Structures are given as C-alpha cells and as structure tokens.
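Chain naming follows the written order as A, B, C, D, E and F, and within any one chain the residues start at number 1.
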Amino acid sequence: MWNKSSDAFLECESAPEDAKIILFGAPFDSTTSYRPGSRFGSSAIRRESYGLESYSPYQDRDLTDSAILDIGDLNLPIGDTDKALNTIYAQTVEILKAEKLPFMLGGEHLVTLGAFRAVVKKFPDVGMIHLDAHADLREDYLGVTLSHACVIRRCWEIMDNGHIFQFGIRSGDREEFRWGAEHIQTQKFTLDGWSETLEKWGDKPIYLTVDLDVLDPSVFPGTGTPEPGGVSFDDLRQTVTGICHRAHVVGCDVTELSPSYDPSGVSTAVAGKIVREMLLALEK
Amino acid sequence: MWNKSSDAFLECESAPEDAKIILFGAPFDSTTSYRPGSRFGSSAIRRESYGLESYSPYQDRDLTDSAILDIGDLNLPIGDTDKALNTIYAQTVEILKAEKLPFMLGGEHLVTLGAFRAVVKKFPDVGMIHLDAHADLREDYLGVTLSHACVIRRCWEIMDNGHIFQFGIRSGDREEFRWGAEHIQTQKFTLDGWSETLEKWGDKPIYLTVDLDVLDPSVFPGTGTPEPGGVSFDDLRQTVTGICHRAHVVGCDVTELSPSYDPSGVSTAVAGKIVREMLLALEK
Amino acid sequence: MWNKSSDAFLECESAPEDAKIILFGAPFDSTTSYRPGSRFGSSAIRRESYGLESYSPYQDRDLTDSAILDIGDLNLPIGDTDKALNTIYAQTVEILKAEKLPFMLGGEHLVTLGAFRAVVKKFPDVGMIHLDAHADLREDYLGVTLSHACVIRRCWEIMDNGHIFQFGIRSGDREEFRWGAEHIQTQKFTLDGWSETLEKWGDKPIYLTVDLDVLDPSVFPGTGTPEPGGVSFDDLRQTVTGICHRAHVVGCDVTELSPSYDPSGVSTAVAGKIVREMLLALEK
Amino acid sequence: MWNKSSDAFLECESAPEDAKIILFGAPFDSTTSYRPGSRFGSSAIRRESYGLESYSPYQDRDLTDSAILDIGDLNLPIGDTDKALNTIYAQTVEILKAEKLPFMLGGEHLVTLGAFRAVVKKFPDVGMIHLDAHADLREDYLGVTLSHACVIRRCWEIMDNGHIFQFGIRSGDREEFRWGAEHIQTQKFTLDGWSETLEKWGDKPIYLTVDLDVLDPSVFPGTGTPEPGGVSFDDLRQTVTGICHRAHVVGCDVTELSPSYDPSGVSTAVAGKIVREMLLALEK
Amino acid sequence: MWNKSSDAFLECESAPEDAKIILFGAPFDSTTSYRPGSRFGSSAIRRESYGLESYSPYQDRDLTDSAILDIGDLNLPIGDTDKALNTIYAQTVEILKAEKLPFMLGGEHLVTLGAFRAVVKKFPDVGMIHLDAHADLREDYLGVTLSHACVIRRCWEIMDNGHIFQFGIRSGDREEFRWGAEHIQTQKFTLDGWSETLEKWGDKPIYLTVDLDVLDPSVFPGTGTPEPGGVSFDDLRQTVTGICHRAHVVGCDVTELSPSYDPSGVSTAVAGKIVREMLLALEK
Amino acid sequence: MWNKSSDAFLECESAPEDAKIILFGAPFDSTTSYRPGSRFGSSAIRRESYGLESYSPYQDRDLTDSAILDIGDLNLPIGDTDKALNTIYAQTVEILKAEKLPFMLGGEHLVTLGAFRAVVKKFPDVGMIHLDAHADLREDYLGVTLSHACVIRRCWEIMDNGHIFQFGIRSGDREEFRWGAEHIQTQKFTLDGWSETLEKWGDKPIYLTVDLDVLDPSVFPGTGTPEPGGVSFDDLRQTVTGICHRAHVVGCDVTELSPSYDPSGVSTAVAGKIVREMLLALEK
C-alpha cells in the first residue's frame, strides 16, 4: 500500500496495515505571492525531528506507542497548481478509503484545498477549524483564484454548510473581514473560544487546518508572511491539543513553515513540536 | 512642492496639496557606536510594506482612505553629522510651514534632533514622549556630543520647559539615570503611565519619538543595540495608537530599525505595522 | 596567580588578590550530539559585552564597584573529554583554594561536571539548582556516559545527598522523567517554586547551573537544541538574581550559548545580561 | 507611453520618446523546481545599482550619455504561468512596435519565452545566442512543459530556422545533450567560438539570452541551481560586450539572479555590472 | 547485508549483491579544533544531490548505468573518538570482505584513519594519495594524537612502506613541513605531478583521500579551516577523475564539507559534483 | 611605551623595545557611503588568526622569529571624522619617532589619510603605491571632502611630489579617471607593472596602501563595495610580498575588510594571510 518515508518524522514508522494516522508532505509553494520557500517545510520538519524527543511531558505519552506511518513527501509538479491539487486530492482519498486519518504537512496553505476536497467528499457535513494570522478569504489574488490568499474561500464554496471557525485572524483587506463577518465565524487576534466552539459542534466531523503564521513572529519567524501580534507557543499548543483530543477530527494539516527565513532553526523546532503534540492527542 | 516617493509606503500617495501627513526617511547612522546599519531602515520599511495590508483590523481603518504622502528618503551626507541634521531640519521646517505633520523614519536615533529643532521653533511649548530601551541622556559619548547616545539630552537643552516623558528605559550608565531622575520623568522597564501622562499634559503640543529597540529583542532583533527585557508588540502598538489618537501630536518619528541584523525580516514587518497603526491613529 | 583575561567581560578586571569572584570560560562542545558551536559561547559573551552597560537599573548596582576578575578561557583539548574535564576541575580547585567563587561560562553543559567535582570536594554537602529545558538525566547517550545529555546524572552520582532541584524542564525521554521523579526534585515547564526551595535549603552551600536553553527560543535562539515553550527573560532574570542574592552560592555556571545559530546577536546579549545580573547579585 | 521605473537602474531615465532601449523586469519564478527566489532578481539589480558607477572604464562610456528607459517590473501573477508569459509577451510587443529594443531582467529563465514570442513575431528569421550552465532542452519537467528546464526547447519550437547557439553548457540529462547535438549548436563548458558564430551569422537579427548561472558559482553563488565549473566574470563580460557591440541584437535578457542565496551581495553586483556593460555596448 | 540509504545520493541504489562500490557517510567532527560542522557534510551531499544531474557531460557517463549502493550514514558516538573510529573500521572491513570498494563521505578528516586501517589490513602494500590544503602531519595537537591535524601522520605510522603522496599543501607549521620533507612526498600549492606519480606507482593499490579544503575558498567556502590560495574546481575535477580512472583505487574518501559555513549552498554542490565524477571514473 | 594588544595577531607580541614593526587597528567607517561595517575588520583579523599558521610555506619564514608588536585597536570616536584622523595621526607619529614601522589595519580606506599625514611629515619625498578597485580620486563625495571616496586625492594634496602609483583600478566616475590620467600613474584592472615601478623608484621611501577590494569579490566578498573583475589571491600575495621585500617601505596599511558581509569567514582568512605575508616580507 504505502512505503514508509525514507526519513520518517520521529518514530512514525508503523506498518501500513496497523497505522491509524498517515502523515504526508505536500511540498508546494507556487502561488506564494511574497516570499517563497514553504516547499521545504515538510522535509525540514522530518529532518530536524532528530533534535526532538518522541515523549511529551505535557501529555505523558510517547510516539513510540503510537500507530502512525509517515509516507514522506508527494512528488508535486512545481508550477502547475491544478495538477498539484489533484495529486494531493488523490492521496487523501486513498488514505480516507483505508479508514485512516490524513495528516498533511505543507507547503503553502493552498495545499489544504486538495486535501479538503477529499474530506468533504467522504464527510459532506464536515466543519473546519482554521487557525491563521490571515483571513485567506479573497475572491482572487492578482486575478488568480487558486491562491494561498483565497484558500479558505475556496474551501467554503465546496462545503454544504459553510461552517468555518477562524481563530487568530489579524490580517486581511477590508473586504475579507466584511465577507467573513457575513458568512463564517471569525475570532480576531486570539484563539479564545475554541473550547465553546467544540462544545457546540459536538461530535460532528471536523477538519483542522493550522497555518503556523498564527503564531507571533517572535516564536515563528520562519514563514513567508510574518504578521506581528500573534499567539504564543503555549496558546497554540494547548488549543491544537485540546481540539485533537476532544473533537472528531477527520483530517488535518500544518502549513507555511518556510525554514530558510529562520537561520536559527527555531521555527522548524516549533513546527515539529506542534505536530508531535497533535499526533499524540489524536491517538486517544 | 514635493514629489511622492518612488516606492511609497503602502498607499501613502496623496497629492501634496491634500496630504495632512508627510512621511520621509532619514537614512543616517554615522554616530552609531556599536553596530551600524539603521541607514537601511526607512527604505526597508517601504519595500517590505508589500507584505502588509493597508487595512487595520485593530482600528477598522484603511490607509486607502487617508491623506498621507510619502516623499521618500532625504539625501544625507554620510560622515558629516552637522550637515545631515541641517538637512533634516530644513525638510521638517518646510513641512511644518505647509501646516502638515512631519513623520520621520530613521535612521539612528540622533536624527530626532534635526526634526525636533524645527518642531521646537514652531511650537516652543512642545513636550516630548520618548519610548526607548536606552536613556540617551549622556553629556557626550567618547567625546562626541552629537551622538545617538546623547540625543534626548540635546533635545532637552533646546526645550523651554524640559518636559520629556520617557518610557521603557532599561539601559544607561549610572550617571544618566541620576541626571534623568533630576531633570525629566522616566518610567523604567515598562510603558505604564502613558495614559496618565497624556491626561495631565492635555492638548498642548507633543512630539513622539519611538526608538524601536524599546521592544523586546525577541520581537525586534533587527537593531544595533538589542536590550533584553523589553515590551511586547501589543504593548507598543496600544501605546502608540493611544498617543497618536488622543494627544496633540505635532511631529513624530520611528527609528533604529537595522534590517541586516534580522535575516528573517520580522523586524521590518514589526516596524511597518507600528508605522501603519500610528498613521491611521493620527488621522482622526 | 592569575592574569586577567585579554578581553575581560565588562569591568571584571580586579586585581587577583582583591577579587572575590573569578570568571572563566570553558570553550568545549565535543559531546554535543545535535548542533555544535557552544565552544564559541564564552568568548562571544566577553566580546559583545561592549554593547552592554556595567550598571544595572534592576539592582541599582554597577560592576565598576565590584571585585571580580575575568581570567579568560581555559585552553581545552577539543576531542578529549577526560582531559578537558580535568583541566576544568583543576582550575576550579585552584579558585576554591584561594577562597574565591568560581563562575564558569560554557561551552556545552557537560563542563559543569568538571567544576562541580571540585565544588563537591570542598563542600561535600552542596546542593544543586539546575535551570534547563532538558532533564540531562540519561544513563548514557549513544553509549557515551560523559555527554551533555547525562551531565546532571553524573553530578548526582558524586553527591553525598543527591539534592538536585531542577526547574524549567520540558524535554527528555520517558525514562529520564521516571528516574528524576524517584531521585531528585523536578519542576516541569516553569521556574515556580525556586523561592520555597531556597527557604527550605537554608544557608547550606548551593551550586547554581544555568543551561540558557531554559529560556524560550524566541528569547534565546542561539543554542544547540532549542526547545519551544520555555521561560521568559524576566522570569530567568528574577530567578537567578534571587538565588544569587539570597542563597549561599559556592559556585555557578552559565552554559549552552551557541552564537552562530543566532545571526542577530540577541542571544549573546541575553547571556551577557544574565551574567551581569548574577555577578551583581552575588556581590552582596 | 511608459512611466520610468520608480527606482531606475543607474541613469536609465530617458524620456520615453528618446529612449532606444527599454529595460523592464519580469519577477516570476513559479516553475523553479529547486530553490525559488529569482523573482527578487530584477528589483535587487536596480536597488543595488547604487553601489555601481554609471561609467565603464572597460568601454570608456557612460550611461549618463545613453538613451535608455527603465520602466520597472511587470506585475506578474505568481502561480499562473500562462498569464505571466502573456503579460511579458504583450509588453515586449509594445516595445518592439515603438521600434525600441527590449531588455528584460528576470526572474527565472522561463520568462525568456514570453519575450521571445514577441521577437519571433516581428523578426521571423531571428537567431538565438544562449549563455547558460544548463541545456534547458527538456521536452517536459515532471510533466510540466512550461518550465525553466524546457525553455530553450520551447523557443526552438516557435522558430522558423531553429538557429540556436548555446555556450557554456555543462549540465543536463543525457537525452538533452543528445537532442541538442541533433538540432542546435552547443559549445560545452566554455564560451569559445562566439566570435566565429557572430561572423557566420552576419547582420541577421539575434536574440541574446543570458542565464547568469553560466558563471562559476564562486563568482555568482546567488542563483537557484549553482553548477560548479563555469566561466569567469571577464569571460562573460567580454562575450556579452562583444555580442552586443557587433551583432544585430533585437532583444535580450539577463535571468536567474536569486539574491537571497548570496548574503554577501556580490552576485547582485555582478549582475548589475554585466547589465551595465551590455547596455553600453548596445548603444553603438 | 546492507540497506540502501533512506535518501541515497543520486541514483546510487543498486541491489547490495550487484553493487561494486559502497558509499557511506561518517558524520563525525569531535576533534575539529577551529570551526565544527563537518558532521553535517555527508547528509548535505545526499540531500542537495536533488539539484545535480546523474549524467556527466565531462565523461559522457551516467550514474543510472552504475552499480553503486549508498548505505547512508554510520551512527557515530559524538564525543568518543576511539569508538567512532572503530565503527568506521568495522564498516570498511565488512565492505572490503564483500570485495567491494568503500567510498566514505566525511565528516572531518580524522575519519580517514578508521577506513584506512581496514584498507591497510587487506592491502598491506597500499599507497596513499592525499589532496589537502593542510599537511595534517602533526605528532599531536594540543596533546591529542587522534586529531584531524594529525591524521596523515597516524596513517603513515600504520603503513609498511610509508608511501604517501601529498598534493596542494599550503598550510602547516614549520615542523610539519620539515618532517614531511624527510618522510613522504609533498607537492606544495598545486596538484602538479599526480600523473607522473601514478605512472611510477603502477598498478599497486592506492587509497585516495580528498580533503575538500584543497580547493580555493572562493570555490569552496563551506569548510572549517578555509585556506586561501588553493586549486580550482577544474584542477581538482580533472585530478580525481584521472586518479580514479587510471589507478588501482581500493578505497577513497571525500571529507571536510561543513555546509553551515556556506549559506549559498555552493560548497555542497561542489562536493556532490566531485563525488559524482569520482564514482563515474571508478566504474571503468 | 605601548602595551601589547589583548588579543594579538598571531605571534606579534615582541617587547616594545625590540619590535621593529608596530601593528595597530583603526576601527572607523563613518564615511562609508554604501555598506558600513569595516570598523569590525581589524578585530576580526586578530580573532580569526587562530585558524592561521604563523609559518609561511611561500617564504619559508615564521612570525615566531619576528620582532613585531600588535598594540591593538585605537579608540576612535565614531561620528567625528576630524578627531578620528587626528588620533590615527598621533599614533603614527609616535611610532615613527621611535624609529619603527607603522602597519595599520582598517577600517575604511579614509584611515590611510591619518597615517599618511604622519609619514609625509617625516619622509617628505615619500611615494605611494595604491592597490584598489576604486580610484578614490573624487574632489568630494556628496559634499564631503574627508570621505573614503576621496582619500587618495587628499593624500596627493599633501605630497610634495605627487608620486602615486595605482594598480588594479576598475571603478570610478569619468572625472576621476580623467584627473588620474593627468596627475598620477594608474594601472587599470591588473597589478601589472609593479615590479618596473619599484625599479624606477629605487630606494626612496614608499608608503603601501592596500584596499582589499582590489581582489575579485569571489575571493573577497566581505567588503562594503564589491567590484567584480578583480585580481586573484596569488596576484595580490605575490605583489605585496614583492613590494614589502624589495622596496623601502616606511609605512603601510590594509583596509576595507567588512566581515559581516561574508558569513563564511573566508574574507577574514584572506585578509589575515595577506597581512602575515606582508609582515614576513617586511622583516628582511
């Protein structure tokens, strides 16, 4: 079925038949308008996981006990957005068919659209929790509709119910905020209220998409469009742990690490630790 | 009268006759004793404003509605402090004569002296709010009196009333703190009390000078003399927004971004966002 | 007896006979498993102290009033761990014999073992306060027992009483946390409780070892193994000041600055400021 | 007709009606398969031309005497290759219609295709001189036909005569070299023979495309795919000067500067100097 | 027998039974006295081989036709020199027993000693060709005998005949040059004479050790001890190709790439291309 | 008389009374118009000399046999050009009075003027050999006459005879080249002819000033104004060795290393090696 990644994240090397979560990378950044480089995000997370423990003292759990398989990066055609999204879609469909949970590492945020199309197909009533600095609700960006700046708008269009819950949003143009206020639910600046949202949503399926630039740039400088005024590491850690632990997550992704903008390597360490905590919390 | 900058900050491209605020750069760092490079600050803020929105969700206002003109960088003779300060002075005089608000982007902190001389001439009773990590109150530095380390002392000398209100100060020699305690008002470490200060000061004219190293270096590493233990982005954002919104600001500046010490570009993003919030708040 | 360092930290240039504290560097990182470079830590702290004031507004004290001598870096044989530790041991013995306080700048954390051996010999009932992100309690690391990842375990083995008080620990394998829970006292994630610990410990001798990666990587990216979720600068500053001021400190060290991972230079500034505050607080 | 660039290269600020050469930038790198960033090339060349003289001691000519207009960067939709090429095409058509010479600054090498389409339309018998480390002759790259790795193949397809003269080529797959040997003329490793080629070609129109990675990476590290074993600065300078001076050049471009891979800034200085020498030589 | 590397160099993925050459990495730099980091050399060469073609236009050969297996990096205990050298020795013995050619990627130059011990055991009459900037002939370095600065002296001690041929040497202390003149054959500054040496040596077995700092630092800045005045890329390429093609090479290594000292990535590209050319030439 | 530098270059630690050459640093860059940072040049050369041998295989001489004293950096007031030049002048006068040879390490090229004023006073018939990429012959630069861009013109004005011999010059404005052709002797692009110049000049006193940017930026990227097309390391090494060995050098300097523009550290290694070779050749 799948081969394990050549250079798996931490101990994510379960046998394909045993794995409950399938981790894969989507190294694509062709629509990044400002500073490219998130294509190197997923491989950096894997490589630098050498400096990270598989054990979490926060949750007192260890990835060595988990049933996770990292199948590595997809081979995406840089420069052809349609084909790239289709490849991501096909991979996600395959994972979902096997009754496993898809966990995608970006790449730019647009890759979410490929995975989410597959999730919506299987779970038509899925909702989305979206953690991000940017609203990503544009109709188009410089005439391009398949753009990282429009990805949540595109996701909304293919949902039945349009239930999107944004947190941490602190950047966008006036029109995006106006549209968001009418069509979805937006928590500006902070992650406050995620717990109440989960409570109301109950055990219906949810897709969790994390754009790591929701973090303050002091914590996470390694991203294409750093936006000062973000949330702390502990805020994000607790929020994603809580969601993964309590909600019925049917798919998730972590995007927008662009390691070359952070020569200290700290951003990659942050990304890896967030992924570790999510994986441990998903395995309830 | 003025030409707009070749590469204006965000949407600051009003016609000269309509503009209420004139933005200009003072790319000078000849007296920087430790690590030079703030001469590249103003141009970096402009160039990297490409990654910043003109709309602020904090204030729900947009620079596209504003009457601001960015006239670009002055042509300052590196290596000749007197001439550089005179050029800044002349520019500020011209802006004030036209009944517009001068908003200067540094450059090192010494550039404040050039602008402040012009402001004092027009508003002899002006007070100064000074946000900084360093007291800048030395009589001289290595025998040089026109130095970034002495700039507030030099400003004090040309004021009638000596009303200087410092906030965030956490570095200086013993003598500077002693002198400051006798002659001006200093809030150490934090920005606490700015609101009370404004209240007491009333609607008399005020000059606001922001040395960005008042921020903690985790937030703003891109500066010549980083000083750990500083204020957060939100602290600074709220303070400058509050001052610009409520006080009778007759001139202001933002100094000491030195972009080459921050390869991630985050410091430039912070500087640009602070400038945006100030501009929006000044346009009441 | 000793020559002052060629390039002393701040004003630490007392005559050998007058000095109460002897500062020295241990530029060693041969066992660093992940990213080497802490060998350059001590010299960077000295060199960059040019940008730091000798006066502390926190304590209202000035190093110019202090009796401290910086004797520079030891000449340690890179690649020979035993010999390096012996050299550190011999230096510390000599300082203790002269009834002075040894203050060591790392280098990697393993250097603590060399100094601590000397301290234990003179003060058999010494306790240890250990501030760190990592437990450092492994029995061995890849078969190597003299490793930075095992240093606190090695220290424990040579103590009579095993009184080790850890703070800030947020990384380790499951076995380290299990062993720690049985044999020593560990405060996970924060520095909470240091004051109570001091109170209980009374005026018995204490050795303070600070691995600077206890700080959050946003504050201190320049280290070999950055671990997100750490303490703030002010937390650490207040804690080390409190300990140095109130406890009977008979030796201390500050380790794991690796300046090349932080091109902004901020981490070196943080390290220098922590060292300054400790020195001032030790001089009661 | 055209506005001069906000931040023109050297003195390239002729009035549109006087200008004989129109300089413009094509900031596009969406198909870059390995390391993106050439989108920042053209703006870096302009900005860093501050450190360059307008006078050339090689040719004893000065750009202040020239009739050149720099109209700045095109606004290209990152992520939409077709639209980007069409925008470049339209700009080039407009320049050619006005009987001026188009001189394009990349951007990745694929941008050549947009300009060359316009040139071929006006000069159906145009030949091409191609200086590069890479053959760029692939039929497709990871299934994408509009890719930087295929650009010369795409150019060949739209030419009547297929007269392409490659120099400096030292990288490609076996098939590219085989195809090249059959269909075009390739000088491997060096620039030898350009003079003979010019002689044979006579005064028929020629398009000159320079991928700066033809230079050895010691001279020009700032590029996406550095390829050791390249030509020296003087080799390239003499060759492009010779071609621009002696041939009937009807269009040209300089591509693949990716400034962020060269923190020293030397690569940008090299690019700017090559562009200066070409401009001076074109103005015969 | 062996597993292929998780992330093999170019196409070096032959079945173990078919492979004639076994490539492996020795990520060790514990004795590096000046600037560490060569431990990251071998993995960087593999990872960045993505930007390199498997086909060589110099030799008109392709690695896809070769019988080479890359088995990845050894797991070496950082901080324990003896154990590390023993691990390298054991791996080399195993490769030689299987009648295959060991090709080692460093790491620091000391790793050569581990491999060479195994080679000498099987081929007691082996000679050594040593390309390097540094003589590496010290008796000890700061009291350490197992040091990168002594490695060739250590190799000489275990040889029967002492036939060592050095080329490119341009740094050492006076004593090293004196000792070298008496005991081995040294070509200072250049690679001149390698062809004559091969001719005299005939078809007796030879070990080739390449310290990449033999290259001029303009070509190869990414190394711990850059030494200006070195050879060009083409010099080195032709020399190693010639030796690998014509001599009876029974083992070889390429050492001292330290990628973090070269942010442009050019040094890694150089290293990968030298390795490719050697591999192709060895497969005669 | 003088104290040895705290961190002397190589073995330059002779007793003041024995020393024949006095090495000192002039860390000044206040007039640098483009990219500052040469103030860090002299200290970097000293610090990084750790990686350099005191023995030269080129000359078969060792600095351990030499009578040289490095007295460290002058304390120059950044921001006050007149005072800085006066300090340099006074130091040079003192060295010359003691019948020793002054050897200055910059700093920017303007520092030459301070030292040269002292030399001219003692040796009114002194000539100057000037190795540089830039002519430095402007009357003024942006209205400033004491500028690095005017330094050789200023030197010429205080000479009796105006005998200045430039080599390697490849940048300047048209007027500088015109003025140079009339008043001094300029060898463009290369160092050719230095030997003939020496021969004609005979044993009259000569001052040698080396702006390291005469080197090609591939060899020496770490400088404020890199100028492609320069000379090789061996060219420069042979030229300065030849001049120092054969001519009656009465003073010399090496300027314009700006280490922060070269993260690889190679430029500092180049500078140190050039200084070593000059020192060894001066000691005839």
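Quick note on the criterion: a residue touches a chain if its C-beta (ideal position, glycine included) is under 8 Å from a C-beta of that chain, and two chains touch if they have at least 3 such contacts.
Since we're looking at a predicted model, the values are computed, not measured.
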- Note on the structure: When each of D-F, B-C or C-E is compared with A-D, the one sharing over half of the residue-numbered contact pairs turns out to be C-E
- Same or different: do the copies chain D and chain F touch each other through matching residue numbers, with over half of them shared? different
- Just give me the whole-number Å value for how far the CA centre of chain D lies from that of chain E. 39
- Message: How many angstrom lie between the centres of chain B and chain E, each centre taken as the mean Cα position?
- Response: 56
- Note on the structure: Two or more other chains are touched by the chain B residues 216, 218, 263
- Message: Help me check something: in the complex, which residues belonging to chain A touch chain C?
- Response: 50-51, 53-55, 57, 62, 216, 218-219, 233-234, 237, 263-266, 269-270, 273
- Name, in rising order, each residue of chain E that touches chain C in their complex. 29-33, 36-37, 39, 75, 77-81, 83, 142-144, 146-147, 260
- Task: Show which residues of chain B lie in contact with chain C when the two form their complex.
- Result: 34-35, 169-174, 177, 188-189, 216-218, 221-222, 225-229, 261-263
